[in-house]
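The structure appears below as structure tokens.
Per-chain numbering from 1; labels A, B, C and D assigned in written order.
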């Protein structure tokens, strides 16, 4: 019996660690460094119906213990992803979670319906929380009613379980979590980035061409952990937690707070081997803490 | 003519730099280290009608490039602040901004009416954004209507201009900013802390007895800067900016984003001399950037 | 007077498993007048780790303008501190707080000093001062295991010294209280620094004795401004609360709700 | 193959105002086959500063398993890097990207190498390889002022070298283009690395020539996964965009909208 294994709607994970969407492209680049079959799953870059060229550059900026990004959901579009990216990933024994985005509900529905039929796509992640696009994205993630309806519309057409990715840029994240659960979501992924900005002190100009960007990395871990801890109390569907995870202790903290699995984003840029390293470190950490399986650890902070 | 001087409602500041509320007590401690008359102003610890003993300990925890706190608005209460703290501060040539807090509107009104009569209190800062108290605090800062009414009620009784301190834990900070302006606020101070938490990885227990706490320090600067930049576009009243300020470049960034002055909180714990140091560094920085006065710099990012 | 100074590392050495002895030099040492005070140390000039670390002063050498600390390199900050080498600079704020008073104990009398783990260091300067005053110190020092025991020799040179280890791997086995029970209580004052349960046990054991306890709390500012480090008080004082950093870290026994 | 390795500092020295030459050793150097590639460096093992810094490879010594970089210590990360001493470890990811191709230029022909500021370093390994191939390099290197000029001697040893400073404090005054105008264009290929305006000027000057330009962009991953470093392309290619880190940093002239 594999003590790291985690069973989630649509996902039989070898281990609870996966790269977060947008920080791992479609896997090709990291495949040069290690065997992707080692990963619990892969959350691929957001896919939209059409090809998107994203925002002007600069698109990233460094901040204290974090970074800002405003990529703007650049991606080759549904057709190319279905024809090139997903088939290429089939050579690896790893479930794919397809991150779905769009301007309007119909976009989400169109992408979800098609991409959920790809053999290696085992779940969808609805990106209703991208802070870097003018239309769509976050606008769906800040109003409970809108989030619930979008979830319901996508559930109606998806061939695989649907996870909804929550934005931290809200007054009450619990309401959004409960709303998407009511809309039929099979799970929640959280958190997306916090809206932030950096100025070039010399010129006074925003460093990022898009003016604002999404804050990620260790700096946001306390906010992410608090939100996972709160939402875990409110919903009965599983949570895949993320936000600043860089070390094995971070992984333990998110599982303790109630996440059933975790995703690693920005840390891949700092240490490209971070995911396999965390997977290797997890068993010893479980021993050290006196837990047999990952599942035993999940939500322990709520049981103390 | 003093190139660092800033004129704000009720406040003739020698310079735009002041310690943030709760990070400087009532001044006595830092007075052992330097002459408080050097400061642009002092934002004193939140004052409530009654004595408050605050939350259980531990009350603080370190996070990546930041810290969490859940002090719980501990303070000696209105009477003692009026009788001991404010008179003691009169020996210094520095305007006091009194941070006002309470459970219900009547608390705010009572404290505001009385404390605004103290000779050295030149402005009030309504704390409708404290994340660490069960009642009052942030509950006033997340609903525009409630924030507007509280502002109006306090304005009606205050003998000095009223600044309202905004919470970053909202979906749309602009709406709150516009609401308090409509309620008659003379200025805005922002931001208060972001709600966060830290777990003890060994035990899975929250490090902070209050479970959650307010995140402050350099980690939150990108969020604070973005909010100041956005709100400055929406309101015509002045903003005192704060959130992660530790270096002279941080000061410049907040002024560029539209803050007329800045407050320094957490950085006082890291470097107790940070405020006088920043004040000393400011003139050279202005020269380096080619500005004669602080006022010329304010909001430059919006004019590019 | 409280000062902030870039002090120089005179010497740093490991004296037990993960336990380091660090000696710094600078004018700040000139301000150190009382045993039991502490300093607030910035371990990195980057933004990470951010907060200062409070560490007790374990011995003072005013003539040489030097002082010594003993600490356990455990978390991120103290591990960084343990990497400082001779000649490196360390940003120190101090001396902070109020230490152990030796006014009420007279030459010829006995004083009991009880330390637990990293609570032991401040007792060393205290013991030296008691000896200088003609007071006879008795040391009871508790550690987890043999490999984290330190300064046995130094304390023995100053007076009778009992070492206790929780696992019995060195000295007496068990808790300091097990040894205390075997001692006659002919001492006129006791001093203690260590885990709160130990301090509570001492108060219970010696309700009639005059005692001084050094407490620990998570800190922000370290100088009394942020209200991070407060402790609840008892009827024995009319203060509603005290701050460990500026009112303490040393308090008279019975004053704090431990 | 891309590797990540803790490489050892063989030598670091300042060669001009705020300009450092850093030589590292490790197996990673064995993977370096092309001039113009870069490495992605982690400057601190703390969380701050967080991101890696991209720095070009300026020369490679495969036998010794060493390579050298030249960089300006300017912001927080590069200043930290400049404090590394002999024997220290540096976390390096690389070699990354595609460098300068020397396939299309033949022995006996001339090649023009134009560098600006911190764009000069990658041209050094390139020039050595051209010389090895029997190609005759002409170097035109632009700097702001005299005190940031570096490697004049090294380039001169390889071929004709013109130094240009914006303030005229050394060599020719003005921009590299001022010198280029005075040169006859009997070279068969040109290579350039430096500020985008300079690259744009070169494309305008030599529309008919075969050229290779090395670009800069802010980076996240450095290996092609995050879409941080994309550039707009022209009709000359059917790709909608390119990534500087993995498709570049070197591109054929005319391919990128500069």
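Just so it is clear, contacts are C-beta pairs under 8 Å (C-beta built on N, C-alpha and C of every residue); 3 or more make two chains touch, one makes a residue touch a chain.
Nothing here was measured: the structure is a model prediction, and the numbers come from that model.
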Hop distance check: chain B to chain D, minimum number of steps through touching chains?
1
Among the chains, which one keeps its Cα centre farthest from the Cα centre of chain B?
D
In angstrom, rounded to a whole number, how far apart do the mean CA points of chain C and chain D lie?
56
Hey, how far is the Cα centre of chain A from the one of chain D, in Å?
36
Shared interface positions of chain B, touching two or more other chains:
64-66, 217-218
In chain C, residues with contacts to at least two other chains
47-49
Linking chains that touch, what shape results: line, ring, star, complete or other?
complete
Would you tell me which residues of chain B are touching chain A in their complex?
63-66, 68, 142, 169-172, 194-199, 201-206, 212, 215, 217-223, 225-226, 229, 244, 249, 252-253, 256-257, 289, 300-301, 304
Given the complex with chain A, which residues does chain C contribute to the contact?
47-48
In their complex, what parts of chain B are in touch with chain C?
22-25, 28-30, 32-33, 45, 51, 53-54, 57-62, 64-67, 69, 71, 74, 217-218, 246, 266, 268-273
Within the complex, which stretch of chain B touches chain D?
64-65
Quick check: in the complex, which residue numbers of chain C touch chain B?
1-2, 4, 42, 47-52, 93, 217-232, 240-241, 246
